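For reference, chains read A, B, C and D in written order, and residue numbers begin at 1 within each chain.
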Amino acid sequence: MELEISDSDAAVDTHGWTVLTATGEIDVAAAPGLREQLVALIEGGSNELVVDLEGVDFIDSTGLGVLVGAVRRARSAEGDVRLVCTNSRLLKVFDVTGLDEVFTIVESVDDAVTVAADQG
Amino acid sequence: MELEISDSDAAVDTHGWTVLTATGEIDVAAAPGLREQLVALIEGGSNELVVDLEGVDFIDSTGLGVLVGAVRRARSAEGDVRLVCTNSRLLKVFDVTGLDEVFTIVESVDDAVTVAADQG
Amino acid sequence: MAEIHLEIPPRLDYLAVVRLVVATAAALDPPLPDSRLDDLRLAVTEACSNAIKAHRPEAEDEPVVISCRLEDDRFQVDIRDRGSGFDPDALTVLPDVDDPKRLQHESGLGIPLIRVLTDEVTFEPAPDGTIVSMTLNRSSPST
Amino acid sequence: MAEIHLEIPPRLDYLAVVRLVVATAAALDPPLPDSRLDDLRLAVTEACSNAIKAHRPEAEDEPVVISCRLEDDRFQVDIRDRGSGFDPDALTVLPDVDDPKRLQHESGLGIPLIRVLTDEVTFEPAPDGTIVSMTLNRSSPST
């Protein structure tokens, strides 16, 4: 798994949201790295986070758990973690675990930073 | 492995040479298909053949054997089989087997159809 | 009926190898459909990562064993560890997804995922560990 | 020292699985360099396709066994078949590449390739077959 964080010079206007782009497999080996990054961002005050999963082709329960924890932390700081995902493989995993009802899942980074807060 | 044969409408002028483009792995499972295609072409009179290996990422001894047989058949019909290959993985295999001295190996289809016959 | 056995050291960095082997085997003739391959890949990852985590440190020289049987109508895979065993029916049930407490739980999704992704699963105590046996039918995806 | 064992049915369509497993195992910590991974992938393919071809039809229910040992300084892989055995020193030597007769030979490149791609190879008669043992050192590619 690779991670990349948007900087303020990014071409796309993210309306103040921080975009974390993950690629590859988020499995039990990669999950700790993702968790560390998410916790650092939220504790550093970036509690409006977009995790772009468009380049991710596999996620296991450990990866799901890291996303659950990040959503909890962000929401308890009045923020949110929104997931960009259109890959049917991943959507199926969110679906069968019921997590599609817990996460805010959108189709693009643009959607993520413009949907109204209460749609989460 | 996938195979594709150039048709006469092709954008590139192949000076009468027939171009066979292989992609994927040419291993013992795929080699018979390649052999059948090459034999059919040569017996059908297309004895000036280019085999484009740029999309091939693996070749084993069976694949090499098929190419050797095709070169023999084409040359005994006053033709040749020329290989387009710049992939260092494959070039290494041609090198360690000495087959780089048997085959005509060039860097592009364009080179293949324009080099002088005696450079083979 | 073809069989494939794979023995790996009890280390999480071997999970990618296991995924590859099992999915490649299942894609052979007659292949599992793509969506079932995804189910298999995830179910095997979950079962194997549990097996590796449960494997006793004293048994680190003994492998986790993955055995696949390719049958005409289904694909079966057993995963055997040298762990302390467990009772799959005694696990904490996760809160409903509309319960705010759901967000308190970052783990415990592995076994539920295995149950929903496979057509059949059994957890058998083995001498010295556990054998998790999963079956995926070629037809009629369960999900 | 980690070990991986893989048992496959004696069928050529399993070669891709073997390549994947062996190369993935060898890419783990500490990884073989990329060019050596290529050597390994090809040497293992050649040895395994010989093993599968040599495997006796009556033994079709018995597997071809691939065993990898990952050591700090080298990667070792054994391939064991249930074939009739052979004498590697009695094989036809291919004509020189500048001999026009070279083109008469479409086969016989497997063992020479194994010899040049590995740092060490032995062909041992086993009860009921052959064990081909190949070693690739992590450093100093042989070619």
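Keep in mind that, in the parts below, a residue touches a chain if its C-beta (ideal position, glycine included) is under 8 Å from a C-beta of that chain, and two chains touch if they have at least 3 such contacts.
None of these values were measured; they are calculated from a predicted model.
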Inset, instruction - State the chain with the largest centre-to-centre distance from chain C, centres being mean CA positions. - result: B
Inset, instruction - Could you put a whole-Å number on the gap between the CA centroids of chain A and chain D? - result: 44
Inset, instruction - Would you mind pulling out the distance in Å between where the CA atoms of chain B average out and where those of chain D do? - result: 26
Legend entry - Contacts with two or more other chains, residues of chain B listed in rising order: none
Inset, instruction - Quick one: which residues in chain D touch 2 or more of the other chains? - result: 13, 16
Inset, instruction - Spell out all pairs of chains that touch, sorted by label. - result: A-C, B-D, C-D
Inset, instruction - In the complex, go through chain D and note every residue touching chain C. - result: 2-9, 11, 13-14, 16-17, 20-21, 24-25, 28-29, 63
Legend entry - Of all residues in chain A, those that touch chain C in their complex: 25, 27-29, 58, 60-62, 64-66, 68-69, 71-72, 75, 89, 92-93, 96-99, 101-102
Legend entry - Residue numbers on chain C that touch chain A, as the complex places them: 12-13, 15-16, 19, 35, 38, 41-42, 45-46, 49, 96-98, 102-107, 109-110, 112-113, 116-117, 143
